[in-house]
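Two complexes come next, and they have one chain in common, chain A, joined by chain B in the first and chain C in the second.
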Partner chain A sequence: MNRSLLPALGLAALPLLAILALGFVPLMVVVVWSFWSWDPVTYWIRPDMSLAAYVAILDAGRWTVILSTLAKALVTALLCLLIGWPTAYAVHFLAGRRLSLVLLALMTIPFFTSYLIRSFSWRLVLGRTGVINTLLIEAGLIAKPLDWLLFSDFAVVIGLVASYLPFATFPLILSMRRVDPVTMQAARDLGAGFWTMLRTVLVPLTFPGLFAGFLFVFVMVAGSSTEVQMLGGAGASIVTVMINDVMRVANYPLAFAISTVVLVVIFGLVLAGNARFGLARLFGEGGA
Partner chain B sequence: MMQAEGTLSRLAIWTITALGLIVIYAPPLYLLGVSFNPALQPGLPHLADLTVKWYLALSGETQLVAALEQSLLIALVTAILATLLALFAALAHMELHQRRTAWFLTVLLPMFVPGVIQGLALSAVFQRAGIKASMLTVIGGHLLWALPFAFIVILTSLSVVKRSYLMAAADLGAGRLRQFLDITLPLIRPGLVSAFIFAFLLSLNEFTRAFYLAGRQNTLPVVLFGKMNAGASPTIYAMSGAIFLVSVLCVALVAGPALLRRRAGPAE
Partner chain C sequence: MAISIQIETVTRAFGPVRAVDDVSLEIRAGEFFTLLGSSGCGKSTLLKLIGGFDAPTGGRIAFDGRDMAGIPANRRPVNTVFQSLGLFPHMTVAENVGYGLRLKGLRGAALSARIDSALEMVELGGFGPRDVNLLSGGQRQRVALARALVMEPGILLLDEPLTGLDERLRQQMRDEFGRLHKRTGATFILVTHNQDEALSLSDRMAVMHRGRLEQIDAPARFFEAPANAFVARFVGIDTLLTHQGVIREGDATHALIAGEKVPVRIGGPAEPAESVVALRPDRLLLHPHSEIELKNALALRLKVVETRYRGLHHDVTLAFADGQRVVVSLEADQPVPAPGDLVSVGLKPGGAMLISNAGLPAAA
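Presenting the complex of A and B:
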């Protein structure tokens, strides 16, 4: 047994080293440093076992930023599921072979394009002189441009949905591939209409995909910053932007404490989701 | 497949699907259109007025050009390293039978670390260790970001390598290295190319980590971010449009054939 593990360990050594050195170790250091305290003499932090930074999260409106981040993540994740589920249905059940390939490619592209450029482009659409305001004015529906379209929570949520929609669509498509069509046929033979079949058979069977899609989008939004920086209104914030702001005044312990809280929430959610549904299985890479 | 949705339901499903695609693609495509407009005010150009003058003007934007060169170099090194490490990680995954789920998660988890937090953590640790911010520190940050994606792509391509092929090669006296070079490598070459291009694009377009880790010479997204907030100009539209277009074309070139192959292959 140990002998057969040797080649695997040899192959895993380099990637593991990179993951530890660039990911795990710096993040652990940040967690430890979040308990240290600020030393004005050295302009750095000194070893301590203080919860001051965590207490500071609770004051000065920081609490509301965390709440609004959770709200944005929740709303975006639900919207992505509402759009992503029908999209997955279209890709898997409705589209012909060629069209479903095109749709899959269109859903793959966003992962590898710039979130910065895509967020920025919404400014041209939602701005005072943007496409939507111009069209509405030309149609005579409004007299002067709508101001709340851009630099608002509305704009941020639209930008977030545009950025992270594929993170919901892909798990949903994968979960639909695992549904045995016979179960749907059986429901129909027993007299269920399309909507009854959806409600009683297909939606429950795609629950792992719904859960994974929700989780992915929620986690991505919780860690996002570009959309708020590009599309948010004056004073708009999200935890990662708050970390940027705290760093600007070199309040290291507070920045590290907020980071720690975000990391604990994100990894807690991902690992809990994995324990319940098995992320590895979702990618078609069975555990055995 | 049985089609019992009814016309109205089907229409609703396609409408929502189209809506999702419009939300993703309409704004950047509009930006691309605007970049061909000779006017300073953003808007779609008339067909007769199409111009590439803002693209030509890019060569005069020394700051953008220097940033682009830096970004291309960083993306190239990141892509080479990420592809190699992901290949090792994927081969290890194949060798690990019982514990592969744990290894899969270990490689995948960095994907979920927010860019701001990873950038901040790395830059703080580098700073304390006396490592100056430079191209290398950005590559360090980007490597971890690109690795999980490259890993998944290579892992998917490894599924065509059947155990029996390797066993047959072993029966004919091939050692592990020979098996890899003669059997595995040719079969997964398309996957390696895809992983390389994806990693390249992820690095090229990455912003939040580079924001913390870049040294004196910023990467393109960091420079673009500054310029976008300092009042956008047509050259910014041109640069953004060009990067978006190149990214889309690269993924389309890779994803198209890859998806075709996957569908044509045996069912999972």
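Presenting the complex of A and C:
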């Protein structure tokens, strides 16, 4: 280590300390406590080195909730990319400067209301007497209301996509801004039609944005609860809700074990994605 | 393989602005043609129209007589070397060069053979597996050239391809273009604002200004007979003098400038209505303190305003009696006249031309 690193270290000391104290330490506590044991009779936790909490995930069928959470996160993230990519394309390549600003502003409007209100509003749309059922009945397309619209996984995914779509769109816009439009012209020049150009040039060049958007949505869904509670069917659960339930009986080891599993999955995802797509390229040099 | 281009009364309007304004032009098959003009004159827009990246708002563009209206860029027998190259950053050199051929369905050994020979042609043999992002500016330029030439296009468009390269590389790549033009036999169209490039490469060239073609000719003709004041200035004939009248004596024509009778040649087919006299600096000969030359009919009597040392020569600024100026160069070893001296300037044939004053700012 040379001398000039010292002032830099001084400058970085505070944020480094904050990251360690506020981020890393609680996470370590979570991981460590997940190996402690919990007595259901006394609700007491003992420092221990047992896998009891992890076993409890398996035997009470809680793993299905974890799996269904990851599945919801996966489906929501993919849907968000599917909708967000063309949206980003339209905002960046098709709209003029003013229109694209307006579109960006419109995308942030949902953030002005709380998740609770936003999720609730979907009840009014998807419910038995909601907008969609009413319209379909009046149009004579269906005789009685569709039940599966609300209080179902379908409703949950709709609510999740609506909530987290901007988290996919914004990184995609960012990644498209980094694409030199002349590369697209060059592809056309060399004989590529529009779709071939997308497949061979624009989509590969927006991989960092696709991955970042995927990750953001995935993580947000894995930590969400409102949408499931407001729009899910009876008994529908998600990791956050389950953790909440377990915490009520002070079973911290189990709650932390569930958290640890989710944490490991997401962390693995980040590492794998970064190795493949180079997330840093979205912000730094080397992409262009 | 080379393709001829017919451009008939083509206009490209952006709202009220006509970037390309009623341009008609025939480019012969296999010709090296240059569109020369300053930035914003519409030359790049015209190139886009030929390439199919933009559609004209009026007029017609045809290749070998076949109308190209409605045929998109990807189905035209044209390839482009873009100003900013547009190399694919997620592909290697070979993948970049092979991109177009892959789309045509070429694979395997046939594909790599074509890629290799294209890379050889631009002297990048063995560079195939390299990352395009790690190449130097000149190498990237060559990759872009190879990527276009490997398609064996009937027409190659070069959009300011040398901008942004340093002077040495510029000259090197310029010579390269000439070599590749001979080798491929394709029609080359170069867009540039650099007259050196235009003059040294082109079979014919056009000077473009405000969306219009001011003159279409072989390079030498721009000096022998510039179409108007704008063209003359653009190719470096800076001395444009207003005159008080034109006198015809038999075959000879003289323009009257501040009392001097200057023999002029009429550049165009007819004498322009509103004309100026353009003096070619290379056909003016300064005779310091030479009494004999003063009697010569082909000499002008001018007063020295100032002299400036320029290394290999002196620039001597001379003034007519009415104050109009002309700069003549004088060999460095010649005695330098002092400001205020009267000197005579010999005029070689074709040194003064009577040309239209179109394109001259009103104040000048």
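The rule is short, and it goes like this: the second predicted complex is superposed on the first by the 234 of 288 C-alpha atoms of A that agree within 3 Å, B and C clash if a C-alpha of one lies under 4 Å from a C-alpha of the other, contacts with A are read in each partner's own complex, and residues count from 1 in each chain.
Here, a contact is a pair of C-beta atoms (placed from the backbone, for glycine too) under 8 Å apart; a residue touches a chain by one contact, two chains touch by 3 or more.
Please read these numbers as outputs of a predicted model, since none were measured by experiment.
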First, second, both or neither for A:14, with chain B first and chain C second: first
First, second, both or neither for A:148, with chain B first and chain C second: neither
Touched partner set for A:63, first chain B, second chain C, both or neither: neither
First, second, both or neither for A:101, with chain B first and chain C second: first
Contacts of A:270 with chain B and chain C, given as first, second, both or neither: first
Dominant contact partner of chain A by residue count, chain C or chain B: B
Chain B versus chain C as contact partner of A:110, first or second or both or neither: first
First (chain B), second (chain C), both or neither touched by A:230: first
Contacts of A:183 with chain B and chain C, given as first, second, both or neither: second
Shared chain A contacts, counted only where both chain B and chain C touch the same residue: 184-185, 188, 287-288
Contact footprint of chain A on chain C as seen in their complex: 51, 53, 72-75, 78-80, 82-90, 99-100, 103-104, 133, 147-148, 151
Chain B residues touching chain A - in the complex, by the definition given at the top: 1-6, 9-10, 12-14, 16-17, 19-21, 23-28, 30-31, 34, 41-42, 84-86, 88-89, 91-93, 95-98, 100-101, 103-110, 112-118, 120-122, 124-125, 140-141, 143-144, 147, 149, 151-152, 155-156, 159, 176, 198, 201-202, 205, 207-208, 221, 224-225, 228-229, 232, 240, 243-244, 247-248, 250-252, 255-256, 259-260, 263, 268
Touching residues (chain side chain A, partner chain B) in the complex: 4-5, 7-9, 11-16, 18-19, 22-23, 25-27, 29-30, 33, 82-84, 86-87, 89-91, 93-94, 97, 101, 103-106, 108-118, 120-125, 129, 131, 158, 161-162, 165-166, 169, 177, 181, 184-185, 188, 194-195, 197, 219-220, 222-226, 229-230, 240-241, 243-244, 247, 252, 255-256, 259, 262-263, 266-267, 270, 274, 278-280, 283-285, 287-288
Residues of chain A that touch chain C when the two form their complex: 180, 182-193, 196, 200-201, 204-205, 286-288
